[in-house]
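Across the two complexes that follow, chain A remains constant while its partner is chain B and subsequently chain C.
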Partner chain A sequence: MSIVPETNGGNGQKAGLASFKPPFASLGKGRSGTVLRLLRNHTALILLVVLIIAGGLLSDVFLTSRNLLNIMWAVSILGIIALGQTVLLITCNFDMSVAFVVGLAGIVTVLAQIAGFDLVTSMALGLGAGLAVGTINGLLVVYTGANPFLITLGTALLAYSISLMLTRSQTLYATIPEFNELGRGRLFGVVHYSVILVIVLAIVLEFVLRRTAFGRSLYVIGLNETAGRMSGLAIRRVKLIAFALCGGTAALAGLIMTSRTGSTVASAGAGMEFDSIIAAVLGGTSLFGGHGGALRTLVGVLVLGVLNNLLILLSVPIEGQQIAKGLVFLAVVWADSVLRHR
Partner chain B sequence: MNRTFHFGGDQTAAVIAVVIFATFATTAGEYFLTLRNLENVARQVSLDAPLVFGQAIVLIAGGIDISVGATMAMAAALAIGLQENGTLTAVIAALTFGALVGAFNGLLVTRGGIVPFVATLGTMSVVRGLLLTYTGQQPLSGTDDAFVFWGGDSIGIFPVPLILSLVILIGLSLFLGRTRAGRNIYAIGGNREAAYLAGIAVKRFEMLAFVLSGTLAAVSGVLLASRLNSATVQLGNDTALLSISAALIGGASLLGGRGTIVGAFLGVLALGMLTNGMNLLGVHTYFQIATKATILIAVVAIDALSRTMARRRLAMAAA
Partner chain C sequence: MNWNPRLGLLGAAAAVGMASGMGGASAQDGSFSICVVHNNADHPSITAIVNGMNDEGKIYGADITYFDPAFDPQKQASMVEDCIARAPSVIVVNAVDPAAVVQVLKKASDAGIPTVMQNADTNDEGHQYTSTFVGSQSYDQGYAVGEMIVKATDGKGNLVMVTGKPGQFDVVQRAEGAKQAFADAGASIEVLAEEPADWSKDKALTVMQDLLTRYPQIDIVFGQDDPMALGALQAIKANGIEGIKVFGVNGNKDACDAIKAGDMYGTAMQLSYMVGVYTVRVAYDLYQGRQVPKQMLAPTAPVTPENVDVLYDQCW
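Coming up: the complex of A and B.
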């Protein structure tokens, strides 16, 4: 601010006021200030490095390329969901229905295959189911102004009950063998397609968020909705698209999950709503809206993946993992609210 | 100024309850209207009632508590699992656990500055983890036959838990309507800023609301454990959503500052009759889940819409 030249017009005085600094403003902005800022802005990245070093020390198999590729493969589904969730979180909204959209999308796809549709149509129908749930979420939230958290919990239950009705609580099996290639196949026999997909998606999304009018308007809505409306943004449409997008990515994740095993059940994605929010917030996307990014979320997802992998390698029991996950979640949101508001 | 048994926001809940009652009385009368079934409904409803009261208090204070279901399940497990140390000890331990979970939620919200539903969501996950650890995922069975009295027995035609719930209802209604602390809770939910400026210790009363909610969830857990004489990990999985639906039907608002305990009771009664009636009519579980989901979406949406309308009316009046 201080390097902005002061103009002579009526605005000159304002600019001067805005760039005025109290005499000791630079105190605490020395080396320790830089470190603090680095810690604030890249907590997840630092955590990831620490975890990887710790993992290398604690376990012999952790740093093998096979294990690392495995981690990436394991988290790629969560990564895709978390990317959609990030878009919503930036606008200060949530989607708790992603977990059951994952199940629903897989079930619709498999049922379409059983009914005789070809590969592309069946996958399009699965994605369509996710987009539909997302759009319903968006319509309900945008036009009633209701709490997105409870509305999407309601649609989550609704999606779950539809999945149960469609499957009659049974496991369904995909009938087109090529479908399994999506989840199991590897590029050059090394990296899974789903890993490449999530990385490409993140880069595209990062570009959209930073460089397009749509992406920018998401941040404006998250920071100050009234200001956005005053400056002529189509708030409702942007939010609606964000909700639909989140449903769509959850459905894509559902397709990949289904194609990995070739089968699906109604509760396939249970817990993913929780994890996707943790991952996004861990990466630095705020629960209060207006902050965050796609690549950051990817780092958050990797932290969760490495943590999970370590807990398994160190054979921590499942109950302990559940408690650890809850405590990590609370620690992360606590840090988020402390860093944003103080 | 008689807010104690004020019948304003509760009227809707009463109408809904009567409509549901009339529906099942006409469509499944020969099963629904038997003394045994009605007693059964009353018992079921009164097991959930304390927990819903707690949710209502938190909602009135402007918060929300997602962890009630997990707390209820853990309290039930403690009340059964610790019986070898004496039933009274077990019950006290269960109630203390509930109060502690409430205090933990209160700390996260008032000191940590975390949004209530996020904070209590995290707590829910932790408590579920504790429950899995404590029970080892095995169902626990009670050993003290006298304990069954509190949830399972009747005095005359009145189930014991119904009497207990009504006593709690009267106590909490008096607390909210007639004491300074109760009115402060309404004031905080209505306008936190104004309450703070009026000199109310906002954080202390928010804390109190969460502690009450945790304790009341534990009361429901103890009653449920007594009724079943056992406890499982699955208990209370959809209780948080049910309690929110019930409290909203009963006139509470997600915006805070509104609602009564009587309304919350009518809300949980309406939902209890609905579940019972659907069971009697042989409605499939899938459709029951879908119905509950639709009700939740509907009450949340109506709550928000009425708020928007009120704001618009206010803007019109000002203009």
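Coming up: the complex of A and C.
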């Protein structure tokens, strides 16, 4: 195997802008290729291990069970959103409305409780609101062919406006005390229900992605939609389901957040649309579609959680925190475009 | 009840202030209209201000429109320009950034429209273009909380602060106010950390959890608004820790409930409804071409376990 990097883009093209490669792109051929392939496939896991080791060395409270369980509780909400986002990203679509679906779902649930509905019905209505927004996203993207990024930004504003109208910017409080168990309760008093939920959801989604026809069709659509259509996949239906699923998971996260904090806020999920994408890409899901997995996304989410935790445990100044997070984001996007696209 | 001596009383302010040359009514059609540009409409305190303005506006027959730039200083500037184009009687601005609004305030002044700064004032340069400031100042709120903390803890203890979005005006001012109160009282309160939770209750929960892990001995938590204080309280409860005194700012109903229940030890109540009411009144004075005071400070009421029963009705 040759270890000399190719300089002509591999197709005999002339040098020039067409064959511009980002830094280190020519690495990965030959023996160094195996190492890099390992790095690429498990970037998040390696990063997580490195952070955990660093955390354990630099802080003597990091590796306590209480701290680790806290980290998992803190990221369980983002994790659920990121799982839904992963399903969409695999098909090369985005959902930027998740942040405001989080708020909307919580508000709908609490309003239902205030209106007298019982616990299960109110939660079903909240989840339904998220599924509805997701379905609208899906219908708009599928039937107009427009950019999903822009469409979902539009529905985000719509969801936010509806939230504001419903609450009139007041804070609303859940009226059924059992509802709080969802976000705050622990199994056997140790592990939070929301943590168990996100792990179970990840395992179920992983199974669906790897072992079902539906799951496989997601990857095909992401990698080569034309080929998928040629081989008879119901492209539109699959995409619609993916969008609805993403809205549904965002709603579930919204329910958990509302139950955890005890009150509703229309902008409760602000920023989570970007965080969920970062977490998924960190875990190995490609922004260009066709790659990704549920368990990997969980690893990505954990990396973010550990990072946030360490920034406080190590008393990193606020400016440093913003820089650290920015660098992580840039590194993730670079790694995704370089290590995946050669 | 401990009124902060730094707050100017209405009488003192009226005696000292005189309006800038912003007298006359300038609505084209002669009716009383107010154009309001918030800093961020999605907050209960702003809802209270809006309620105050709407209720008082009915009495004066005011036609009030509201704009919300959601903390974006550029958007706020362009919204103020939209207001100028509508030629209202008075423009009200709650500055996202004191310096960013100066240019548009000048434009309003050039157009002959008086402006009222509400809750978040502009800087000295901007003052030459504005008629008055109505509101509570975040520095005074911070100071009030600082005084409450000193009283409740005998001036001793380890404190962590859970703040809003880093760099925002309220964040800086409330922190400085509290620290000045500690200094003025000669207290030995050690500020262990100031971590941002972006005014979010859930973020405050996770941030507080990490702070509890980091610092085994925390005595006082200062949440820069009530939602964050309550989020921090959730974290404290979830970890089964007792004996930490939590303070907030706003005077929300659930914060007052928490004080009654003994979970929180104080909040600096912003009389936001009254700020809205005063704003409409001073706007009407400006519309009528009257002189108005330079500052109309709404009092900040420190709510403590001792006085919460008396003040409870005003909690919002």
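Points worth noting:
Quick note on the criterion: the second predicted complex is superposed on the first by the 303 of 342 C-alpha atoms of A that agree within 3 Å, B and C clash if a C-alpha of one lies under 4 Å from a C-alpha of the other, contacts with A are read in each partner's own complex, and residues count from 1 in each chain.
Everything that follows uses one rule, which is that a contact is a pair of C-beta atoms (placed from the backbone, for glycine too) under 8 Å apart; a residue touches a chain by one contact, two chains touch by 3 or more.
Note that the structure is predicted; figures quoted are calculated from it, not measured.
Following the overlay on chain A, a clash is recorded for the pair chain B and chain C.
When the two complexes are overlaid on their common chain A, residue A:G145 makes contact with chain B while staying clear of chain C.
Of the two partner chains placed around the shared chain by superposition, chain B and chain C are both touched by A:L164.
In the superposition on chain A, A:A242 makes contact with neither chain B nor chain C. By the touch criterion defined above, A:R184 lies against chain C but remains apart from chain B after alignment on the C-alpha atoms of chain A. By the touch criterion defined above, A:I318 reaches both chain B and chain C. With both structures placed on the common chain, the touch criterion links A:V198 to neither chain B nor chain C. In the superposition on chain A, A:V220 makes contact with neither chain B nor chain C. By the touch criterion defined above, A:F329 lies against chain B but remains apart from chain C after alignment on the C-alpha atoms of chain A.
When both structures are laid over each other on chain A, chain C collides with chain B only at 134-142; the other stretches in 80-88, 134-142, 170-178 or 296-304 stay clear.
On chain A, the surface patch touched by chain B in one complex and by chain C in the other comprises residues 164, 318-319, 322. Contacts from chain B toward chain A in the complex involve residues 108, 112-115, 117-119, 121-130, 132-133, 238, 241, 244, 254, 285-287, 289-290, 292-294, 296-297, 300-301, 303-305, 307-308. Interface residues of chain A facing chain B in the complex, by the touch rule stated above, are 140, 144-147, 149-151, 153-158, 160-162, 164-165, 274, 287, 318-327, 329-330, 333-334, 337-338, 341. Across the complex, chain A is touched by residues 41-44, 46-47, 50, 166, 193-196, 198, 200-202, 205-207, 209-211, 213-214, 227, 230-231, 234, 238-239, 252, 254 of chain C. Only residues 59, 61, 64, 66-67, 70, 73-74, 77, 164, 168-171, 173, 184, 257, 260-263, 265-268, 270, 308-309, 312-313, 315, 318-319, 322 of chain A touch chain C when the two sit together in their complex.
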